[in-house]
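Before any comments, here is the structure.
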Amino acid sequence: SPSTSSTGTTEQGETDTPAAEGQETYKIGLHYELTGAVADYGVAENKGSKLAIKLANEAAGYEKYVGVEYDNKSDSSEAVTIATTLASEGVIGVVGPATSGASAATYQISNDSQVIVVSPSATQNNITLVDPNNADSDVYEYIFRVCFEDSYQGAAMAQYATDTLAASKAVIYGDSASDYSKGLIEAFDTQFTKLGGEIVATEYYTAGDTDFSAVLTNINSMEFDVLYIAGYYNEAGLIIKQAKEMGIDKVILGADGFDSESLIELAGAENLNDVYYTTAYTAVDASEKLQAFIDAYKVEYNEEPAMFAALAFDATNLLIQAVEEVGSADAAALQAAVKGINFNGVTGDFTFDDTHTPIKSVLVVKLVDGVQSSADSVSPQ
Amino acid sequence: MIQFMQQLINGISLGSIYALIALGYTMVYGIIKLINFAHGDIYMLGAYIGFVFATKTGMGFIPTLIVAMITCSIIGVVIEMIAYKPLRNATRITALITAIGVSYFIEASTQKVMGTNPRAFPNLLPKGNLNISGVVITYQQIFILVVTVLLMIGLQFVVTKTKIGRAMRAVSVDTDAARLMGVNVDQTISFTFALGSALAGAAGVLVGIYYNSINPLMGLVPGVKAFIAAVFGGIGIIPGAMLGGILIGVTEALVSGYGSSLYKDAVVYVILIIILVVKPAGLLGKNVREKV
Amino acid sequence: MIVLQTKNLTRNFGGLAAVSNVSLEIKKNELVGLIGPNGAGKTTLFNLLTGVYEPSEGTIELLVDGNLKSIGGLKPYTITNFGIGRTFQNIRLFKELTVLDNIKVGMNQNINYGVLTAIFRFPKYYSEEKRVHEEALKLLEVVNLVDKKDELAKNLPYGEQRKLEIARALATNPRVLFLDEPAAGMNPIETQELTDLIRKIKDDFNLTIILIEHDMSLVMNVCERIYVLDYGKLIASGDPDSIKNNKKVIEAYLGED
Amino acid sequence: MRKNQFTKTNLAWLLVIIGSYLLINVLISAGVINKIYQTVMLTIGINIILAISLNLIIGITGQFSLGHAGFMSIGAYSAGVIVKMMDGAPSSVYIGMLVGILISIVVALIVATPTLRLKGDYLAIATLGFGEIIRIVIQNMKITNGAAGLVLPKLIDWPVVFVFLVISTIVIVSFTYSAYGRACISVREDEIASETMGINTTKYKIMAFVVGAIFASIAGTLYATSFYVIKPEIFSFNKSIDILVIVVFGGMGSFTGSFVSALLISVLNTSLQSFADIRTIIYGALLVLIMIFRPQGLLGKYEFKFSKLFDKFAKKEVRQ
Amino acid sequence: MLKIEDLNVHYGVIHALKGVSLEVKQGEIVSLIGANGAGKTTLLHSISGIIKSTSGSIIFEDNDITKRSAKDIVSYGVTQVPEGRRIFKGMSVEENLYMGAYLRSDKDGIHKDLESVFERFPRLKERIKQNAETLSGGEQQMLAMGRALMARPKILLLDEPSMGLSPLLVKEIFKIIIDINKQGTTILLVEQNAKMALGIANHAYVLENGKIVLSGLGHELANSPDVKKAYLGG
């Protein structure tokens, strides 16, 4: 069956062999933004998750894992209902949603009903804590994520800009309505200043904008070394294109929001030189494991996987690995297994820290003519 | 000074894009008083149709534009027949809700069929720019502005000077009286939609080329901005839409350039409200006191 | 006793002086007619007197508590509360409200309970609503519409809509009543009934009435005095007989027989 | 007979309220209403409050407002901030609600005074603008934690929403069926005529707008304290559109309609869940179809009233 | 020329016309009188195809127009001056007149007719570019008639052309009607002003509650005691 077709909550596995009598099956909730404003990310992650399940089922030889799909329409109150629904459907864990806002809305419910959540891309600072605004508050026992925090990435890029690129003046350009963007901006700003650099200006756009010429004209008249674009590829691609066409030839920095084929399409390969971004996922010097994922993904969906798909693939596999280790659906046992996991994923190898956030190194990828040419590992001090 | 001129150019070219979308919006409104929320989505469809046509056939700008305009006008007429025609006698808010339904339908269908990720539009127009003592204008900017002005003039001509235009206005004032003159009301309204949708389709292709990026939700923001532009100028007034669009574009550019880019949208709304308080029917709208 | 007077009242629309230099004096309990060709400015004059339009020049004074008070340019609702009621040339009923509720809206300013009483339904709410209901029914009786009290106003035949408008105007408890073409679209029989109604309410409600009408059978029949407007200017005034024979009026308005 | 609150209809309503409260309780303990339905009930309750308060503004007073989400966000954020300050103490909900109401009143007055002079679509756009300005301000304030929003504990459950639903309904319906409501309706029907009836139209427009804003704010507080996360983007103008859809769908000017429609739309939404990513397509198509077949909304202007029912009974008895 | 037989029209449950039959001969003026809500406008709207009848037939010059579209009916030569004038607000006097000639494409003919309308109504010529909305009531009525004449109708349906007009204008309008008729246009006139309507009619009908209750020659009806009592006031 073509796996791109929508399956809804029809609990359909990816292999054709249904579970026989006596064979264990496990349900995994796939809770994503399949429509609405941020459907782009949710849909990519949904694909990654479904691929992971499919591969696991192939390995098991029967339909051992069943993905239960839900769409929250990019709406956080829908996410609450779905989390409640999933908790009552006996899933062993949930992967998703893609964005921090919708994710945070589900955590208390899932945690209280002892459903493990592995968030692929909830990058907001401290979001796995009961009170994200208070770094001292408790961590939700059942909530994990496989991505690193906005502040971690932002700081890493500031470090790299200062140490490796020898930048001392930076301009920041980000999305005023996005928590992701604002988190990156704050971290970059703090670290860059701490290292003796100067933030010349901080400018903002709104998601959905397509014309950035006014701000870029302004930026063009400033003295600076690097331009840090804190946002996703949708806008970043256009910003880079318009900046280069305007003659801004400074180094451009970004975060994992850059990681998509679309960036190249939108910006044009010729404009993607001297562009660096932080990520946990790169195809440069791909490991065997990663290459296998990329190949499988291409076969399945006929397109290159982006970071979102890779993160969801990891998040789903992490749950599956825990189940394989525990061998049962016992919530507490699974939780312990996840917490103590030593995971080798396509986005890196890691264990969890106290806040259930992965300890993995940040990679800075350099683009040359749109192609990832090198990846350096950094960690902020 | 150069900087200021540059920002002005930036604003005008952004504004001409808002205006381009607002023209069709305001014309449809002027004739059938419907806030066609789906207009922005037809614009998006225009971009996708152009995208598919250009990438599949490899043809150039003019054929792409024509195909997008024709297809969009057909889509517009079909939407009108299915979704709006049965509601001719309903309240305007009812028709508005239907338009919202149509908008959801088009957006989600496009997401489903074309995928949710942004696509790069093939570049069908020559690149290059003019540099007038430091102020840069690209050919594409000039092209879009010229096209917008020509379309505005053309549209204004059709509506005010031609027979079909007279029929359109007559229908908008008094449908039954227009019928008594022998006007085929359904055909006239279909024509209005065809025209408005063709304009949206053209806008989709032009914007697709200009920004090189299209996605299924690309109609949302410009849709709302075009609506605001139309209201700014006086809704239903064709030159008003142009004026409103340019004004919004220039405001955004100047606020970004000289104020804080953080508040560019807020400032647009503040100016909008101030203008409406001073001129309750928009800039070019006549504030007629109802005759009692 | 003068209840209403205007001095040099003028209203311009663009270049057009719809009402120009009009000075009137209306005495208590008079029944005055206002006639003139189409577009002479009669309705505009009503609109000025009731606050719908602001005068460009001139003054309007109304007898309030024994003194003449300037009301030019005040808001319509203020003027209504000083005791002026009106009907409209193009009927403006509250179409989606029932006949009874149309009257109750007219009585709104005489209802005495606060928002909190309304919300928490204190006893005062019930007693006031009861009073209003009864008074509204009484007004409907005057115009013979009690049977239709629960109909939506839009469903009434034209003639009854006109009568309902009169009753609604009475509900605001006016001392001066303006009627704008109350007989328009009525046939002679209906017009005759209307004539009787106008006389009756004038006496029963102790009113001063000013009416605009093109139906001379009505005007010449009920009006004690008539003003004639042409091109915004007052061209004649006097009792019906003198108006009938006034050359200027015949030329501009009545036409030769 | 001395008339007071304890009329036959009021007692009947009281019975309905107590009855449904008990019924829900029974259904919950019997397991018929599970956790999911309880969450859905919260959404429905909050949506009804939003819808009837917007209905007062649009359906009753005829003022086309697209800024309702702005007032909802004020209530949500007031509660959010105060809940945070008070560390989630139960009383923080109500203090937050009160603060939200006060701010909403002030903002509603500021919004209403200049904009309510506008008509129709111009008013719609101006209120939309105000709603967006409110959102942008919240998005850039420190205390609201900007774009990231606030993560809040769940502090209320369905009984609280139920109580506020009852209060909102009583206040708004009593307001509408009084001299004040009649004045508002007359404003909707014909402004010039109602001015001529001695009605200060501006005053009544503002009144309806403020009352509507107060309840939108209350709904916002309830939302914030039951849905864990508030972010500025939740309260964008799309939210205002969603509320508008409920109102028009149910029938403009019919509160019964708003109830039915909020309920149906939730049911629709929940049952479409199983269609995952095509449910928005279906929802859009259904919206068009339903409006074509019921252009006046599900219930038009119909209002359920016990008094009508009693009248019918009374007539039957007389006949017998 | 125009023959209506057993026409029934319903608005939802309201039975507005109950088996109306009526005939208008070439070159005549036929008047139709009746109280408010009798169904006069409904009848004219049915003839013009704005309202669809439930049963019965309308024959115009051997064409069955009962089920034809409003556009076809206009093109056959049936034009209406609607109740309340219904001029196109926001359009100029000239544009309104051109709307009358909407279905014609003979430029020269249209131009000639425009001149003759201006001859008949010199006031309209003075106001040629003025927004029709700002015309006085009488001027609007002239415009509505001029607009209808621009279609070169064979039969003109007039719905209460004297409503709201000053006595002088009422006389003028009636003069114009007679004049138009003399120049060869057949006329079906609906009026509240029964006295004048019967005065100029060749034939007349009285409509009550959706039924024709009386018919005859114009002057006959004018002298009928029933009509006098009900419509002429004593």
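Here the chain labels run A, B, C, D and E in written order, and each chain numbers its own residues starting at 1.
What we mean here is this: contacts are C-beta pairs under 8 Å (C-beta built on N, C-alpha and C of every residue); 3 or more make two chains touch, one makes a residue touch a chain.
For clarity, every value in this text was computed on a predicted model and none was experimentally measured.
Common neighbours of chain C and chain E, by the contact definition above: B.
Among the remaining chains, those touching chain A and also chain C are B, D.
With centres defined by CA atoms alone, the chain at the far end from chain E is A.
Set side by side, B-E and B-D show the greater C-beta contact count at B-D. Centroids of chain A and chain E (each the mean of its C-alpha atoms) stand 74 Å apart.
Distance between chain B and chain C, defined via averaged C-alpha coordinates, is recorded as 47 Å. Averaged C-alpha coordinates put the centre of chain A at 37 Å from the centre of chain D. In this assembly, the C-alpha centroid of chain D lies 51 Å from the C-alpha centroid of chain E. Not a single residue in chain E touches at least two other chains. For chain C, residues touching at least two other chains, in rising order: 52, 88-89, 92.
Shown for chain D are the residues that touch two or more other chains, namely 140, 192, 277-278, 280. Annotation, chain-chain contacts: A-B, A-D, B-C, B-D, B-E, C-D, C-E (touch as defined at the top).
Looking at the complex, you find that chain E touches chain C at residues 35-37, 134-139, 160, 163-172, 192, 194-195, 229-233. Those residues of chain D whose C-beta lies close enough to touch chain C in the complex are 2-5, 7, 10, 170-171, 174-175, 178-183, 185-186, 189-190, 192-201, 207, 301. The part of chain A that touches chain B in the complex is made up of residues 6, 35, 37, 39-40, 42-44, 176, 203-206, 208-211, 213-215, 217-218, 221, 233-234, 237-238, 241, 245-246, 260, 262, 265-266, 268.
Remark: chain B residues 163, 166-167, 169-170, 173-174, 176-184, 291 touch chain E in the complex.
Chain D makes touch with chain B in their complex at residues 58, 64, 114-115, 117-119, 121-122, 124-126, 129-130, 132-133, 136-137, 140, 192, 237, 241, 244-245, 248-249, 252, 277-278, 280-281, 283-288, 291-292, 295-297.
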